[in-house]
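What follows is a set of structures to go through.
Two complexes follow with chain A in common, the first pairing it with chain B and the second with chain C.
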Partner chain A sequence: MIELLNGFLKELSHAIDNRKVLTKEEDRYCYSYDASFGQYLPDVVIQPTETEEVATLVKLANKYGVPIYPRGQGTSLSGGPLPVEGGAVIDCSQWNQKLEIYPEDMIAVVSPGVLTSSIDQKANQYGLMYAPDPSSSNVSTIGGNLAENSGGPRGLKYGVTKDYVIGLEVVTPEGDIIKTGGRTVKNVTGYDLTKLIVGSEGTLGIITEAILRLIPKPQATETLMATFHDIVDSGKAISTILQTGIVPAKMEMMDQASIRAVEDYQPLGLPTDVEAILLIELDGHQVAIKEEIEKVRVTCEEMGAKEVKVAKSKEEALELWKARKLVSPAIVKIKPTKISEDATVPRSQIPAMFERLKEIREKYHLHLVVFGHAGDGNLHPNIIADIRDHEEMERVEQAVEEIFHAAVELGGTLSGEHGIGTMKSPFMEMELGEVGLEMMKRIKESWDPNHIMNPGKIFPSPGQRLVLRND
Partner chain B sequence: MTKVAKQNLKDKLAYDETFSCVQCGYCLPACPTYQTMGKESHSPRGRINLVKLAAEGKIPLSRLEEPIDLCLGCRACEPACPTNVQYGKILESAKVVLFEEKKEERKGVSARAEDFLFNHIFPYPSRLNKIGSSMFFYQLTGMKKALHATKLINVLPERLSKFDKITPKPAGPFQRRREHHLLPKNQPVLKVGFFPGCIMDTVFRDINNMSMKLLQAAGCEVEIVDQQTCCGALHSHRGDRQTAKELAKQNIEAFEREDFAYIVNSIGGCGAMLSEYHHLFEDDMEWYERAKAFASKTKDISYVLSQLELPFKKDVQLTVTYQPSCHMTNVQKLTDEPLALLKSIPGITFIPMEKPNKCCGSAGIYNLVHYDESMDILDEKMKDVNQVSVDGIVTTNPGCHLQMKLGVEREGKSDQIKVYHLVELLGEACGL
Partner chain C sequence: MIELLNGFLKELSHAIDNRKVLTKEEDRYCYSYDASFGQYLPDVVIQPTETEEVATLVKLANKYGVPIYPRGQGTSLSGGPLPVEGGAVIDCSQWNQKLEIYPEDMIAVVSPGVLTSSIDQKANQYGLMYAPDPSSSNVSTIGGNLAENSGGPRGLKYGVTKDYVIGLEVVTPEGDIIKTGGRTVKNVTGYDLTKLIVGSEGTLGIITEAILRLIPKPQATETLMATFHDIVDSGKAISTILQTGIVPAKMEMMDQASIRAVEDYQPLGLPTDVEAILLIELDGHQVAIKEEIEKVRVTCEEMGAKEVKVAKSKEEALELWKARKLVSPAIVKIKPTKISEDATVPRSQIPAMFERLKEIREKYHLHLVVFGHAGDGNLHPNIIADIRDHEEMERVEQAVEEIFHAAVELGGTLSGEHGIGTMKSPFMEMELGEVGLEMMKRIKESWDPNHIMNPGKIFPSPGQRLVLRND
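Let's turn to the complex of A and B:
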C-alpha cells in the first residue's frame, strides 16, 4: 500500500505543480473533516485548478489504486468529502477562476470552486438570479452543491440545485473528460447524465465545470411572521396557504424549543408560550404580492394564529428573520454538539412527523429542537448534545435512527438536502429496497470499476451502523 | 513535548472552547489568510481543529507553529461564526503554549535582542520616546533576527527601508513637550484619562496630542496619568502572558488612582487589548474584577466624541474611504460611531469600499515578521481601495495607518491618496 502511494506521489510530483500538492501533517489534518462527524487523515491533499490536472491525477489514482475524494469547502453535513479509506483529497475550493454570465442565454458557466452566493450576486447585476440558496451559500462551493444536490429555503418555490443544472464537464472515475447536457434548457439527447452526476456525492466523477440556468430576479419581497398556540394549526396553515394558489418563496418554522432557546440567548420579545412560529416570504411583482400577503395573513388567522405580523419595511423584515437566524447560535449554547438532520416528509404528514419527533425527544431524554423548511416538508430536527458524553451520544444515535424510520414510514425520505455520505448509508435499503439499492450499485460499479472514486459513501459496508462518536 | 507536560495541554490550550466549533466553515470567507494562502491550515476552522488535536496529543505542538504564527489575529472570524466560538481565546492559548515551549531555545543572542525590546523598551514610554520612530524600526531588526534567525536576515534591510520611508519623522525635543492635564473652557462635562500607548506615542505623537485637544474642545477634562505603560498587546499576541499580565496590572493600578468616567485611547489595537484585560485574570478573582472595571471604562475616542458635541469650524473638502481597524470592529465591537463621526465632518464626502472589514495585513508587527504574506493581504485590500475614487483613506489605528500608507506607496499613488487618522480630520474641522 505504502509503495503504491509513493509511486502515486512520485508520478504526481512530475505531473502537477508541487505547490498544489499538500503533504505536511498539519495540512492533511485540515482536510480530515467536514461539518459532519468523524475524522479521517488523508495521505495527500491536491488542489487542482485545471481539468487536465484532474484527468491526470485520476488516471494516476487508477494506476496505483489510490482512493480519491473530491471536496469543495467542506461544509457537508453528511460526510461527503471525508477520506474514509485514506488516499487523496481533491480540494476544488481554490478553483474559482471562472464565473461567466450570459444574459442572453440566461446561463452561468462556472468552475467548481466558485462560491454559490457569488453566482447569485453576479447574476443579480443582470437582473437575474441563481435560485438555489443552501444556508451555507456564502461558504459552499458550487461543485459541492452539485455533488450533493443541495436545497435551501427557496426550494419550496424554485426547486433545488438539480433543477438549475443543464450541462457539466466531468472527469470520469477512469480519468476521461466528458461533457453532459449543454447550454439549452431543452435537451433530450440520450440519457440525462447531468442529472445522474448531480447528487451522486462525488462517487461517479469530479465536476470540473458547470452550466447553470438563471431566472429573472423577482422585484419585490413581502415577509410575515405568525405565531401558533398549537403546532398542528401551523401545519394546517401551511397546507391551506399553498392550496389558495400562493407559492411563497420561503416558509420556515420554529418549534417551541427553538423559540425558547433564542429568547434565552438573545431576547427578541418572541412569545415563549406558543408552540410554533411560521416565517413566510413572498416574492414577485410588488402589486401582486401586496395582495397575496394579505391573503396569507387572513389564512393564518383563520387557522388559529395567535398573532400575525407583516413587515412594513426591509428593516422590519430583517428583524423578523433574525429569530430564525439566531436558532443555530442559540441552541449550541445549551450543549456544543449539534446533530442536524434533514429527514423530509410529504407536506400532509408534517403534523404527524411533529408528533413522532415529540415522542422521540421524550423517549430518549434529549434536547431535540425542530426548525426548518416546513413548506416543503424538509424539517430540520436538531439534537443538541455533548460529544464527550458517550452515554448521551449513544442515545442520540438511537434517536437519529428512529427519526429516519419515522420519516420513511410516513412516506418521506432519509435526506432532503444534506446527502447520504457516511452517516445515512446504513439506512439506504430501508428506503430503497434491496433491488433499488442494487441498481444504484450497478451504476457505480460500471462507472468506477477500480473503486477509487469517493469510496465508503452512499453504499453501506456489511453490518455498518450509524456512529456519531469520534473515538 | 518537553517543556509543557502532555497532561497539562488540555488545560493550557483552550481545549473546551474548541468544542464550540461545529466545523460549518462560515469563517472561511471572512479569513484574510485563508483567502491569500488558500490552505485550510491557514483558516480559523483549520487552526481550531489543530489546537484540539494538539491538546489531545494526536499531533505534536510543532505542527501548530506555522498555522498559529501566520494568523493575523484580526478575529474577523468571530463575527462570522454562527456558534460564537471564542477564537481569540483559542489563538492566545496556543501562542502562550508555543511561547513557553520555545523558552529554552530563546536563550540565544538574537532572542535576547527581541526580549530586550519587549521587556525593556515597550513598557517604558520615556525610553521609546528617546529612540524615536526610525530608531524604533531599527530596533525591530533585532527582533526579526530573533524570530527568523536564518535566511530572512538577508532581506530585512530592504523591508525596513520600505517602512522607514512611510514613517513620520520623529518629533524633536520641543515637539515632544506636552501638557499632561488639559482643562476645558467651561465646567468639564466628563473627566477622562488618556492612554497614549507606546508605539503610537512614538510614531504618531501628533495624533495623540490632537486626540487630547479634541476631547478638551468637546468639554472634557483630560489627564495622562503617570506610571501607565505599554498595553501589552504585542506581548500577549506573541504568547508572553506573564509580561502582559504585569503590564496590565500596572495600567490598572495607574488609572485606579483617579476617578475617570472613561479611559480613552485612539489606538484600535491597544484599545482592544485594554478592553479584554479581564481575560488575563480568569484564575484570579480579585484582579479579574479590577481588570473588568478598567476594561469597561476603556473607550475608543470615537465612542467618547460621539457622545459629545464637537465645535466644527470649517469644511474639510475631501473624498475619503474608511479602513476600520479589525480590533476595533471585531474585539471592541465599535463600528457605527467612528463612521458616524467621519460622516459628520462638514465638507467630507464618504465612499465606502468593498469588504472594509477585511484586514489590511498590518496586524501588530505581522507586516514586519511575515512581510511577504502581509503584502499579499495588502494587495487584496488595495484592489478594493482602487475601486473607489478617493483622495484619502481614514484609519483609527497606527498599524493600519502605516500599512495603508505602504499600500498607497506600492500602488504608486502617494501623490493622489493621503492616509489620515480620523482624529486628524476631526481636528482640522475644529480648527485645532
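Let's turn to the complex of A and C:
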C-alpha cells in the first residue's frame, strides 16, 4: 500500500506543479474533517485548478489504486468529503477562476471553487439571480453544492441546486473528460447524466465546470412573522396558505426550544411562551405581493396565530429574519455538539412529524430543537449534546435512528438536502429496498470499476451502523 | 427464435389474462408504427394494467430473450416505441385507472396510461395545475411523456416533464419492482434514479406509476401577437423581453412559410408579407401581467414590429392562438410527409440558427418551415416532402443531417423535446463524444444485461445512418 502510494506521488510530482501537492502533516490535518463527524487523515492533498490536471491525477489514482475524495470548503453535514480510506483529497476550493455571466442566454459558467453566493451577486448586476441559497452559501463552493445537490430556504418556491444545472464538465472515475447537457434549457439527447452526477456526492466523478441557469431577480419582497401557541396550528397555517395559491419564496419555522435558545443567546424580545414562530417571505411583483401578504396575514390569524407582524421596511424585515439566523449559533451555546438532521416528510405529514419528534425527545431525554424549511416538509431536527459524554451520545445515536424511521414511515426521506455521505448510509436500504439500492450500485460499479472515487460514501458496508461517538 | 417466442407466449398465457395478450395480425399491425418513420410488426402486444403483470412479463422476456417495447399512444416523433427487433409491445394505454390528487401535498399520483391533459384538468378543480403541456397532451399518455421527457410551449417559464416528477414505481429490465424518489419535493437520498429514468425512452425499465408535482394555477393570462418584417428583429425582441425580467408562459414563433401555409389552408387574415409572427402569453397576478404585457408591447415596437395586437378578451386570445395551432395541419396539406425536427440552440444563437436554416432550405431546394418555442431556443424546423419521391427524400436526409450539425455547432443539442429514438441515434456521438456516449452505455449494460428493454433506441448500431426512405 505504501509502495503504491509512493509510486502515485512520484508520478504525480512529474505531472503537476508541486506547489499544488500538500504532503506535510499539518497541511493534511486541515483536510481530515468536515462539518459532520469523524476524522481521517489523508495521505496527500492536491489542489488542481485545471481540468487536465484532474484527468491526469485520476488516471494515476486508477493506476496505483489510490482512493480520491473531491472537496470544496468542507461544510458538508453528512461526511461527503471525508477521506475515510486514506489516499488523496482533491481540494477544489482554490479553483475559482471562472465566473462568467451570459445575460442573453440567462446562464452562468463557473469553476468548481467559486463561492455560491458570489454567483448570485454577479448575476444581480444583470437583473438576474441564482436561486439556490444553502445557508452556507457565503462559505461553501458551488462544486460542493453540486456534489451534494444543496437546498436552502428558497427551495420551496425555486427548487434546489439540481434544478439550475443544465451542463457539466466532468472527469470520470477513470480520468476521461466528458461534457454533459449544454447551454440549452431543453435537452433530451440521451440519458440525463447532468442530473445523475449532481447529488452523487463525488462518487461518479469530479465536476470541473458547470453551466447554471439564472432567472430574473424578483423586483420586491415582503416579510411576515407569525407566532403560534400551538405548533400544530402553525403546520395548518402552512398548508392553508399554500392551498390559497400563494407560493412564498421562504416559509421557515422555529419551535419553542429554538426560540428560547435564541432569547438566551441574544435577547430579541421574541415570545418564549409560544410553541412556534413562522417566518414567511414573498417575492415578485410589488402589487401582487402586497395583496398576497395581506392574505397570508389573515390566514395566519384564522389559523390561531397569537400575533402577526408584517415588516414595514427592509430593516424591519432583516430584524425579523435575525431570529432565524441566530438559531444555529444559539443552540451550540447550550452544549458543544450539534447533530443536524434533515429528514423530510410530505407537507401533509408535518404535524405528525412534530408529534413523533416530541416522543423521541421525551423517550431519550435529549435536547432536541426543531426549525427549518417547513414549507417543503424539510425540517431540521437538531440534537444538542456533548460528544465527550459517551452515554448521552449513545442515546443520540438511537434517537437519530428513530428520526429516520419516523420520516420514512410518514412517506418521507432520510435526507432532503444534506446528503447521505457516511452518516446515513446505514439506513439506505430501509428507504430504498434491496433492489433500489442495488440499481444505484450497478451504476457506481460500471463507472468506477477500480473503486477509487470517494469510497465509503452513500453505500453502506455490510453491517455498518451509525456511530457518532469518537472512541 | 420462433421456439423461444413460443415458450414465452405459452408461459405468458398461464400468467396473464389472455384478453390482455393480442396475437392476431390485424391487432399487431396497429402497433407497428408511431408518428415517426418506419414500420415493424411486433410478434405480440400485451396490455397490462397491474405492476405485477409487468414484472411477470419482463421476467419471462428475460428468460426467453424476447425484446419488449413499452408504448403509450404512439405519438412519438422519434421512434421511441417502434418494435424494431420484433418481440412484444407493452401497450400501457389501457392502464389509466389511477388519477389521484393530494391538494395538501400538491401532488398527483397517476397510472401510466392516463392522458396528460386529464391530469391538468383534474388538478384545476383544486386550483392547481400540472404545468407540462406537450402539444399532444390531449391524446398522449403520461407514461409516454415520462419516457420521452416531453416539453411544450410552457417549457419557457415552467420547465419540462422531468421538472415535475418526484417519484416513480418502475419495473426494472430484469423484472424487479423498485420505487424511486417519493412524495417530497426535496430528496437527496442516493442517486437520482427518477430523473435518470424519465427521458430514458423506455430503455431502463417500464414506469408503472408516477408521483407528479403540481403548482398553483395562475389567476390570469394576457396574450399578444406581434408581426415582424425581419425575422432577425423578432429574435432580438425575444431576448430583449427576457432581459427586462419578464418570463412569459409561452413565446412562440411562426416564420413566413408557416404563415402562408396557414393562410392557404384557412384564411385568418394574417399578413403574408411579414417574415415572422411572435405569439406571447403571460400568466400570473392580474395587475402584474397587465403592466408586463404593456412592457412587452413597447419592446416589440422598439424592436421594429410592424403591428402589435393585445387580446382584449379570452375569445380574442383564442383567435390569436388559432394561427399557431393551425400550422401543423396546414403544412401537411402542401405535401403528405412532415419531418418535424426539434434541434435546440442557446437563446442567443436563434438569429444564427435562422440563417443556417435559410441556407439549408436553399441548398437542398426543400419546403422547410420554421415555427416553435422560440423563447427557449427550441425551434421546430419542419420539412414538408413526399415519401414516395425517392430523390426528394434523399435531399431531406441530407438536410436533416445538416440541421443537426448546425445546432451542435451553435452550442445546441440534437433534441430539445422529441427524444432520440431510432431517428437521431446516428448523431449521438457527434454531440456527446465517444466517452460521453460510452458512459450512458455502461448504465444501460449494467441495468439490462440481456438487452431486452426497448433495443435499437438511443444507441446507434455500428455505421448506422439516418434513413427516412421507405424502401
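The rule is short, and it goes like this: the second predicted complex is superposed on the first by the 471 of 471 C-alpha atoms of A that agree within 3 Å, B and C clash if a C-alpha of one lies under 4 Å from a C-alpha of the other, contacts with A are read in each partner's own complex, and residues count from 1 in each chain.
Basically, contacts are C-beta pairs under 8 Å (C-beta built on N, C-alpha and C of every residue); 3 or more make two chains touch, one makes a residue touch a chain.
This one's a predicted model, so the numbers in the text were calculated from it and none came from an experiment.
*Asks:* Kindly classify A:Gly245 by the partners it touches after superposition: chain B alone (first), chain C alone (second), both, or neither?
*Replies:* Touch status of A:Gly245: second partner only.
*Asks:* Between chain B and chain C, point out the one touching more chain A residues.
*Replies:* After superposition, C is the partner touching more of chain A.
*Asks:* What is the contact status of A:Ala35 with respect to chain B (first) and chain C (second): first, second, both, or neither?
*Replies:* In the superposed model, A:Ala35 contacts chain B only, not chain C.
*Asks:* Return first, second, both or neither, reflecting whether A:Lys338 touches chain B, chain C, both chains, or no partner chain.
*Replies:* After superposition on chain A, A:Lys338 lies in contact with chain B alone.
*Asks:* Once chain A of both complexes is superposed, is A:Arg388 in touch with chain B (first), chain C (second), both, or neither?
*Replies:* In the superposed model, A:Arg388 contacts chain B only, not chain C.
*Asks:* Of the two partner chains, chain B (first) and chain C (second), which one does A:Asn187 touch, if any: first, second, both, or neither?
*Replies:* second
*Asks:* Return first, second, both or neither, reflecting whether A:His451 touches chain B, chain C, both chains, or no partner chain.
*Replies:* neither
*Asks:* Starting from the residues of chain A touching chain B, keep only those that also touch chain C in the other complex, and list them.
*Replies:* Overlap of chain B and chain C footprints on chain A: empty.
*Asks:* Could you list, by residue number, the parts of chain C that touch chain A in their complex?
*Replies:* 102-107, 126-127, 148-149, 151, 155, 159-160, 162-163, 172, 176-180, 182-193, 195-196, 198-200, 204, 215-217, 219, 239, 242-243, 245-247, 284-285, 287-288, 291-292, 344-348, 373, 376-378, 411-420, 424, 428, 431-433, 435-437, 439-440, 442-447, 458
*Asks:* For chain A, which residues count as touching chain B in their complex?
*Replies:* 22, 24-27, 29-31, 33-35, 47, 73-75, 91, 93-94, 115, 136, 138-140, 328-329, 332-333, 336-338, 386-388
*Asks:* List the residues on chain B that touch chain A in their complex, please.
*Replies:* Listed in rising order, the residues are 19-20, 22-26, 28-29, 38-41, 43, 45-46, 49-50, 53, 59, 63-64, 66-67, 82-84.
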